[in-house]
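So, here's a batch of structures to check.
Each of the next two complexes has chain A plus one other chain: chain B in the first, chain C in the second.
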Partner chain A sequence: MPNESTLLEFKNVTMRFGGVTALSDVDISVGKGEIAALIGPNGAGKTTVFNIVTGVYQPTQGEVRFKGESIVGKKRSEITRMGLARTFQNIRLFAEMTALENVLVGADAHSKSSVPGAILTLPRKRREEREAHERANELMSFMGISKQAHLLAKGLPYGDQRRLEICRALATNPEVLLLDEPAAGFNPVEKEILGEQIRAIRDRGYTVLLIEHDMSLVMGISDRVMVLDFGTKIADEIPSEIQRDPRVIAAYLGVPVDAS
Partner chain B sequence: MNFSTLTSQFGALTFDGLVLGAIYALVALGYTLVYGVLRLINFAHSEIFMLGTFGALLSAHAIGLNAESAPRSGLALIGTFLLVTIVAMAISGLAAVLLERIAYRGLRRRGAGRLTVLISAIGASLFLQEAVALWRGRNYETFPRFLEKEVWFTLFGADIRSDKVLILVSAALMMIALERFVSVTRLGRGIRAVAQNQDTSVLMGVNIDRVVTLTFLIGGLMAGFAGSLNQVYFEQTRFSIGIVLGVKAFTAAVLGGIGNLRGALLGGLVLGVVESYGAAIFGGSWKDVVAFVILVLVLMFRPSGLLGETLQKARA
Partner chain C sequence: MKYLSSVTDAVGDRWRELPKATQRLLTVIFIAGIAVLPMVQIPLLDTPQTDFPSLLFDKIGLYVLMGIGLNVVVGKAGLLDLGYVAFFAIGGYTMAQIGTLLHWSFWLILPLGVVIAMSAGAILGLPTLRLRGDYLAIVTLGFGEIIRITAVNVDWLGANRGVPNIPWPAAIGPLNFEDILNPKPFYWVLLALIILVIWLLKRIDRSRVGRAWEAIREDEDAAELMGVQTLKFKLWAFSIGAGIGGMGGVLFASKVGFISPDNFPLTLSVMFLAIVVLGGSGNIPGVILGALAISYIPERLRGFSEYRVLLFGAALVIMMNLRPQGLLPRRIRGKVI
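Our next item is the complex of A and B:
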């Protein structure tokens, strides 16, 4: 499967924490322009995958490549600037900043001006600042939260906080957007809107890797679904196949009825 | 105790307290900024201030000012003040950045505990003091007066004197500039993001090392500015001048709520004024005691300070 269109690739990745093996010999690949989903029961290792991709953890073994380049051992901020950005399962906004400022922090990742440069070269700084504002406003209206731009992040309704996290991640201009349970706590209508927004994000040219528990959302928007169970990848197929895969059914529902 | 001095000279005591408080506040900003970003009390910050006073002294000597030179006026006065102050700020800013590189960064990278970094700070502080003592000697050196200290008028019993006005006005301008910088610029946004959540900031592409360098640089610039103003006001310095002033500025930062920029400003002014009243009531030699009693009381009864711990909350 790895070919020139593979953006993100895990090869034989193992992650141990002391005696606990969170991931065992896992291969994952995400191709350019696809919506790939990563599912599995709680504790299967999904968030560990995100934490390895974003440099929070260093894998015990194996290779992690982004655009063909190994990202193991790279600084976390550097990985973000290479084009990987994420949202968090437990919302981690800058609570005391406005929604707009949260998005601007993301947009600042690509600002070129250095510390002395930012103090001395005013015209460039102003232009960058203006562009960052335009970009942030555009993203917020895309996610439908532009009315909240000047409210403190902590004052936003829960759903808008989730949407704001997506805006902030998109503002870093990633090639791959990692969404960690973006629909958690959403009602069916909100989930449907989110599904459409994720598709729209893909149509804008971003690649999406999604962790999600809501199966209707996953099956509705994903091009491919990878299933983790106890740190091992047990399936990697298109959604319609996944739903029929006995191993996946067993992992989710326990031992199949006819085997008991 | 003598309350009659307090009542009869209330205006003068308040004004002088504000002048002193402005200097405390400028130094307090450095403590509070570094604490907000790194949760570190930079105990060597007092020496950054001390180096600023020497920056001012040496640049004054370099342009030919000495005990006999006449006070300047007009453009020459402004130019002299700017030059002396800019040199002091540059020296302090550079020293603060180097301090972070040498004494803190390596420890931070290795995830050293707070206590380890604190010991390193104390070591750096003693090193800087003794290095300056070896270089300049242990006695006070006099700062040449280039500003005629004339009383312009009297307001509520306070002598509105040129040097005091210069200190208050320039300190106020500096603090407004800093406030704007932190609340509206990209770099200020980075500082606030790191202060609120370092891990998430990194994942959003914020370069922590750059933010930390910037934070120390700004703290150093403010301390250097304070060093220059301190020279204009007290006209003397030596290697140990930072110790008492540093602890007072730290008290001011804690009093206002460490991590909070406006708190540092408020804490500095309050401390300066209270100290001034205290000196009038108990006698001048009790002045420093008043400051430290305040520190103890704040730590006992309101450890989060007057405005709470909130560099995070500073915003446009």
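Our next item is the complex of A and C:
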């Protein structure tokens, strides 16, 4: 499916940890403006995909391209500044900083000023600081957590911590936003609101790659669903097709003995 | 102890509510009060071997400066540095060598010592700041010893004999540094430098650099994944801390007029770290308070001769048990508005 609008692309990616093969020969593509979901049973290799995209792991084999450029071997901070930002399955906020400061760290990703700028209060530093604050405040009200701006991140309610992670990642102004189980621990109402928010994020021009276990959320908002099972991609279709795909059903429910 | 923190929090709240102009005025009054400290004789504060005005420069003032410098590294960026005395020594030997051999003025050597110490910090930091936690601590511990042992073994640096006759600063206006028994001019210079350093650090702290440091301290991997160039900002923290340490060394060497490797033992690194941890990692007022305690208490206890270190150690253990976050910790910002 890769075409001109493909932003992120995995080609024959294999990832081995010692003797364990976490991903084997996986092809993934994410097109501009879509909400793509990555699903699969526990241990299928979903988070490994995220870790490869963001430079945490280097793939054993294969190519990873972002806008046609290989990102294998690039520094993690550089990949983020190229336009790929993520959230974490197990929340990893800067606990002792306020919610606003967390988002500002993300917004700083494109700031150029450093120590000299700070000491001399150069005009560029002031402009970047103002823009970062504007951006952070706007994103926090977009995600509905403005009221919490001056609370320490560790003091936020669980759901707001998840929303804050999304804010922080969005603040880096990514082209592709990678969400790792953003609805984990949410009740059905919260999930619905989150689904709306993810759609709104896409409508703002971001592309979303989503890892999620909650099927109603995935099926409700995704344009395309990719299914991983034991490190191989077994399906890549629109949501309505996925639900009927026998391989997917087998991966999730197991295969009856007589069926194979 | 609980009482202390509620008092400081209340004072902090009141302070923030004051108008800017009042804050400025109070700051000036406070600094003026600190500046006239050596003029007033308070016999109660004198220690068995030193009168209080002399103690104000060495150790109190110097410890405050060193604590503030190390706080950038340990308290802000969360890098455990067990060899901070190395930069103090580098500053001291810069003053000693260039002052005695090239006869440069103290006022020129001061910025030079800062730059040399910063470069040393960057050179040490570049390969080692990729290490984390305990590993970084061990490398810095080694570095502290390497600098001291180098000084012991290099004849040109005076080896064990040390460097005598280090020049004092040239007089500026009415400030004359010639009289060894008059600690006031040195104290005022040191006070001015401490204020300058705090002012600069505040500016850095309020910028993206301060946020990057905190993010690194909180979760280095997450910081890197949010686009923070962690190595770059760790290097800045390390060399800014080193520069402040070098500044302290230059002042110290010029004041005492004679330095030898014995002035830069490992225990001094430990003392500097104790200032930051006891005072309140990451918080400048806390670090200043820590420096006051760490510099003054052992001097005060000199009357107990060989028991003083034991008593000091016991005091530290008790303090840290009662208040592990330090005397004045980083304020828990984040209040419900």
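Things to note:
FYI, the second predicted complex is superposed on the first by the 249 of 260 C-alpha atoms of A that agree within 3 Å, B and C clash if a C-alpha of one lies under 4 Å from a C-alpha of the other, contacts with A are read in each partner's own complex, and residues count from 1 in each chain.
Note that in this section a contact is a pair of C-beta atoms (placed from the backbone, for glycine too) under 8 Å apart; a residue touches a chain by one contact, two chains touch by 3 or more.
This one's a predicted model, so the numbers in the text were calculated from it and none came from an experiment.
Aligning the shared chain A places chain B and chain C in steric conflict.
When both complexes are overlaid on chain A, the residue A:A184 reaches neither chain B nor chain C. By the document's definition of touching, of the two partners only chain C reaches A:G155; chain B does not.
When the shared chain is aligned, chain B and chain C each come close enough to touch A:A85. Residue contacts after overlaying the shared chain place A:I234 against neither chain B nor chain C.
Legend: residue contacts after superposition of the two complexes on their common chain; A:M215 is shown touching neither chain B nor chain C.
Legend: residue contacts after superposition of the two complexes on their common chain; A:V105 is shown touching both chain B and chain C. Overlaid on A, the two complexes show chain B and chain C touching the same residues of chain A, namely 54, 56, 76-77, 80-81, 85-86, 88, 92-98, 101, 104-106, 108-111, 113-115, 118-119, 125, 128-129, 132, 168-169, 172. Of all residues in chain A, those touching chain B in their complex are 54, 56, 76-77, 80-81, 85-86, 88, 92-98, 101, 104-106, 108-111, 113-115, 118-119, 125, 128-129, 132, 168-169, 172.
Across the interface of their complex, chain C is touched by residues 54, 56, 75-77, 80-81, 85-86, 88, 92-98, 101, 104-106, 108-111, 113-115, 117-119, 121, 125, 128-129, 132, 150-152, 155, 168-169, 172 of chain A. Chain C contributes residues 200, 203-204, 206-212, 214-215, 217-219, 221-230, 232, 236, 240, 330, 332-337 to its touches with chain A in the complex. Interface of chain B with chain A (complex): residues 185-187, 189-190, 192-193, 196-197, 199-208, 210, 213-214, 217, 310, 312-313, 315.
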